[in-house]
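Let me begin by handing over the structure; questions about it come next.
Chain lettering (A, B, C and D) follows the sequence in which the chains are written, and residue indices restart at 1 in each chain.
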Amino acid sequence: MGMVGGGRDAFIGAVHRMAANLDGQIELVAGAFSSDPEKSRLSGEDLFLDPSRVYGSYEEMAAKEAALPEEERIDFVSIVTPNHMHFPVAKCFLEAGFHVVCDKPMTFDVEEAVMLKEIVEKSGKVFALTHNYTGYPMVKEARQLVKSGKLGKILKIVAEYPQGWLIKNIDAEGQKQAAWRTDPTKAGASSCIGDIGTHAENLGRYITGLELEAVCAEFTSFVPGRKLEDDGNILVRYKGGAKGVLYASQVSVGEENSLTIRVYGEKASLEWKQEYPNDLLMKYPEAPRELLRRGNPYLSEEANKFSRIPAGHPEAFIEAFANIYLEAARAIRDAVEGVSVGGPYDFPTVDDGVEGMRFIQTAVNSAKAEAWTRFER
Amino acid sequence: MGMVGGGRDAFIGAVHRMAANLDGQIELVAGAFSSDPEKSRLSGEDLFLDPSRVYGSYEEMAAKEAALPEEERIDFVSIVTPNHMHFPVAKCFLEAGFHVVCDKPMTFDVEEAVMLKEIVEKSGKVFALTHNYTGYPMVKEARQLVKSGKLGKILKIVAEYPQGWLIKNIDAEGQKQAAWRTDPTKAGASSCIGDIGTHAENLGRYITGLELEAVCAEFTSFVPGRKLEDDGNILVRYKGGAKGVLYASQVSVGEENSLTIRVYGEKASLEWKQEYPNDLLMKYPEAPRELLRRGNPYLSEEANKFSRIPAGHPEAFIEAFANIYLEAARAIRDAVEGVSVGGPYDFPTVDDGVEGMRFIQTAVNSAKAEAWTRFER
Amino acid sequence: MGMVGGGRDAFIGAVHRMAANLDGQIELVAGAFSSDPEKSRLSGEDLFLDPSRVYGSYEEMAAKEAALPEEERIDFVSIVTPNHMHFPVAKCFLEAGFHVVCDKPMTFDVEEAVMLKEIVEKSGKVFALTHNYTGYPMVKEARQLVKSGKLGKILKIVAEYPQGWLIKNIDAEGQKQAAWRTDPTKAGASSCIGDIGTHAENLGRYITGLELEAVCAEFTSFVPGRKLEDDGNILVRYKGGAKGVLYASQVSVGEENSLTIRVYGEKASLEWKQEYPNDLLMKYPEAPRELLRRGNPYLSEEANKFSRIPAGHPEAFIEAFANIYLEAARAIRDAVEGVSVGGPYDFPTVDDGVEGMRFIQTAVNSAKAEAWTRFER
Amino acid sequence: MGMVGGGRDAFIGAVHRMAANLDGQIELVAGAFSSDPEKSRLSGEDLFLDPSRVYGSYEEMAAKEAALPEEERIDFVSIVTPNHMHFPVAKCFLEAGFHVVCDKPMTFDVEEAVMLKEIVEKSGKVFALTHNYTGYPMVKEARQLVKSGKLGKILKIVAEYPQGWLIKNIDAEGQKQAAWRTDPTKAGASSCIGDIGTHAENLGRYITGLELEAVCAEFTSFVPGRKLEDDGNILVRYKGGAKGVLYASQVSVGEENSLTIRVYGEKASLEWKQEYPNDLLMKYPEAPRELLRRGNPYLSEEANKFSRIPAGHPEAFIEAFANIYLEAARAIRDAVEGVSVGGPYDFPTVDDGVEGMRFIQTAVNSAKAEAWTRFER
């Protein structure tokens, strides 16, 4: 694979590389790691890459890789830039004939998202969006439990994602991760909900299949001078009558990545916490609670095929991330080999990306209007 | 003390009696345990009471007890009836010269609450409202931690109280506890928020001292035929800029009494769970989390004076409830003895009751309007 | 009831009184609260007792109470003195015709225990030993689960009870609770194992019914100058082939009362922690773990009849203690009323006391011999 | 690197490969994956290896790799065979000039261990033993906390490692992982203690630096027909006066890999659970408990340099395993480059292996003698 973004002082690029490395199926061979060519070159050195395939810009990379013989050039590109660059880079590589793995949120705004969907469909290429939390085996189990009807009709979803790292104004102090995420010209119309609220939304949709109908959002910028919200609380209505609460924060002091989801059905409820991802708690009206743990034979095949090691030896974030890569790689391999026997594939798609961008935009609109706001689709 | 309500098939009356018994300072000597005189009589028998002080109605009880010599008659009455009877009973006993301990929510509606406040003030009697969760020592510690400034300015409160017991339509089947709570002529304008959401509201206010400014509520009756909501989700704005999420449910399957509160400040955050009440978790931006446990010398005097046994031997619900009674009893004793040296007292007052009723009413209004609604005070 | 011991600066006496008060079935009316008559008198005042029934010595109390008319005198005495006084006080009251509730360990040594058993049997009176942890509803559930065969044959028991309060030499500084527990003339041949290890032993026996066959113990006095062990680790063999590990400590810094038991069977295992007593965890070889919670209808009648309030409102230490009193009171009432329909009763008996003393003595012998030591029965 | 063992139906080989892959610093290029040449060949195919470097035996591999030009041949071999093959394979490769990473327990018996130590020292090569649990960042933090004196003098260590997977006689049914572990000709003199008890021992020594002085062990084969113990309970004495309890089991039904260690010092205590490895709990005599979490700036440099991603995004088993590889690779790289500036290195050495084998042997001897048994060194 090749990579765009993820240079020396980036964070998520390294995660993508470890996720891609883990199973020995994917090899990083090319990259444009920074908009600064020198920084890109140095990053390539760190990664033991052939200097001839470390590029100064993504356009150069797309062009030169496409010019390589088919058996030499990259199969796909992994896009790990700030949000505003996702669309142009994805467009460029898709149109140059490459498959794409892209970080979330998918684009800068809904318009780009809809355009990207068209481009992907026209290209016939694989496009995978790294809503990585859906890669956890116990999230896949949760999805299967809902599908199987064990929870009955879903009544309520409570999804929360509090972090605390932006309580200090580190964006103003130039901390790079903070700076672009709070800059409307790079992050888009939302910071907190766009960066992490969208994970909570995606997780709820992945597990339950429910689509949003309307939201009522409250956005707050607690840190003075911040242009985008650092805290968002949202009431949620799903098609079909389920209700929900979704909130995210970057200023909930002392929280790390406490993404938690509770799904309440008529017959049973489930609870999963990202920080303790090997456990899934089921609650019943008239029976003991059940604690399901990753890697056990009593879990569904859909969950267990994404486990690598036996129960009790925990797997975690990188392995879940790698599961997204494994499925994307499987789809890409099938595409490269011209077969289509392998699907369906279990990774987030461009449709998930469009829905995610709609969620962000509708929440932004609702927060501005201080009113319930319906989804436009 | 005397008791109104709490007969044979009631629930909360027994809790009040155990709470009153625990410390050997309060003795139940009279009661009107049911609107059915025969049931009242039998309940009195169960409790080994002198039959002459088991009354057929609360009016009779108030009159006859007031006619007894001062050293024989009850000092106060404990009101444990359904909501709609709180006001008339409280009024009756206050005007007959008795102190009152009353279950929550305080009255049927805001109007009654305001009237009751006037009656209490005019009477000069002690009025204690059993928002019992504020009796837990670690809740008192939480309040002290906020007061001490350890959390800094409070930014956000997340308070939740999911239960699952009303997922079946047991109210329609005549289960008494369910039936009156879902009957608008007995419970008032709200079921779920009135019964348990109000505990979550009170808990947040007790710990932080923050007052509500506006709410945006979504009420749902998930069980067909139910006249009042069995699930409520509320966005919350506090005076001074703090925000919050408050939700409660009676149809969150498998939940028992999972009242949880998280308070996020600029400097630190706290988390407390009613089902594991001896623990209080503190989170800091740049230091390890702290787990504070009831009964330890490092806690505040305000918390520790409400502990009965050493750390590691858990205390729980009944002890917390008894703490409300202990403080009310202290106030009553001071009043009876004509001294006022003992205050301030740490129990919920008629003012808390008025605020609680305003919260219920404003949430009901907001849910109907599907819009943000400001508090009128 | 009457009480011997438990004066002003005692700890466990107050717990016994709260446990006796809780359910409104038992009234404290007499006491010899201290070997110091003046302290006894003042303690009686604190408790609002009739001064004529507050005695200067237990002998006086037994004699004068026995001389009262039957309907006036106490039904039973609760003995809450240091260990060395249990036997003489119990003997005195049993022989004066009173039922007895006695704190643990039952006596100073095995010889006294065997004698007491004879006295109890000869007297025909009720004798209840407050191994209070067996009063927890979820411990009773654990026992039922073993009885029901759900765990299959029991293979292993791991019971631990670490505390940390004696890490400082507070016994040398005169702290009363510490001083007598570490004084071989008052506590007996063991401190740590006698005081708390014996609870762990009793708990394992209560839940599984297994009897000890041999132990290999290591006793250590970590704090210099201490005459008895403050830490004990024991390998255990049960009759029938089960094995075990049992350890206790008073110098495990930061531990409070972390009594924990794990019982491993051929078919399933269970785990219970005293500090979180409303939960019972079941583990299976090929099924999800189950978390059973107090107060739910899926529990056994044997557990639920000892619950007072609904699931999710925690009960704790005092309620468990009160369950011992409730059963003892039921037995005493049956005895007083001359009926024997009520049994069997669920409280620890003089036989449990004898077994507990044998356990302490055998562990002491083993630790001295540094060798496996068989039980003599 | 090259690998010996770890063919198609092996377990730990795949873990070693993922651990080696993760950070993109190590590449698997050769292997003798099975004693069955055909199986070795097929396993090599699965791994996309050049067939010319997939060997039919480890001897062939060592010889042929050594014959390759220095820049082509492997730098080190990873040995992931059953126990009895560790020694001959390690000897062969060390003597052929290769560095070695070897699974635990290091050898079949103490004699081999001592010989291997001599061979390693004579060779001057790097030898790393994969006691992988010491690779967890929070285990490294625990070690630093002890080193820093924060716990004061260590008094007691409780280390436990219960598993349940061998409750059924799957070894008799030919399950390969079970079969060799319970076969004295392949596993050595111990099964349960050799396989997992040795991890618990190593973990205690890694964290505290304490050396064992004597043990008193009880071994049991609960499953009929099993030749080696499937459960072991051990009392432990450390040099300098600390005491301990160490137990392991393969028949504790429902347990997965519940390796847990508690270290009690005079000033503070710590607790770490392998199944929730990002948390480390500290307990103090007179201060709140502290929950330390991986990836936070308040942790030691020694812990944080082994973290890959921010706090709250959990790392787990594979990452910890990879940390052993990272340090071994660093040492090997330094050796290859002829520098020795990089040390000291943080991975288990041949000395740890010798100590581990002594622990196993002494425990076996003690269990047979049913007596306390001192270490011979």
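Heads up, the rule we're going with is that a residue touches a chain if its C-beta (ideal position, glycine included) is under 8 Å from a C-beta of that chain, and two chains touch if they have at least 3 such contacts.
Remember, predicted model here, so these are calculated numbers, not experimental data.
Among the remaining chains, those touching chain C as well as chain D are A, B. Simply put, of A-B and B-D, more C-beta pairs touch at A-B. Rounded to whole angstrom units, the spacing between the C-alpha centres of chain A and chain D is 35. Between the Cα centres of chain A and chain B there is a gap of 43 Å.
Put simply, the C-alpha centre of chain B and that of chain D have 55 angstrom between them. Along chain D, residues 255, 282, 289, 293 each make contact with two or more other chains. Across the complex, chain B is touched by residues 155-156, 158, 160, 162, 164, 167-168, 216, 218, 220, 222, 231, 233, 235, 237, 243-245, 247, 249, 251-255, 262, 264-269, 282-285, 289, 370-372 of chain A. Partner chain B is touched in their complex by these residues of chain C: 11, 14-15, 17-18, 21-24, 28, 47-48, 163, 165, 255-258, 274-278, 293, 295, 308-319.
The part of chain A that touches chain C in the complex is made up of residues 281-282, 286-293, 296-298.
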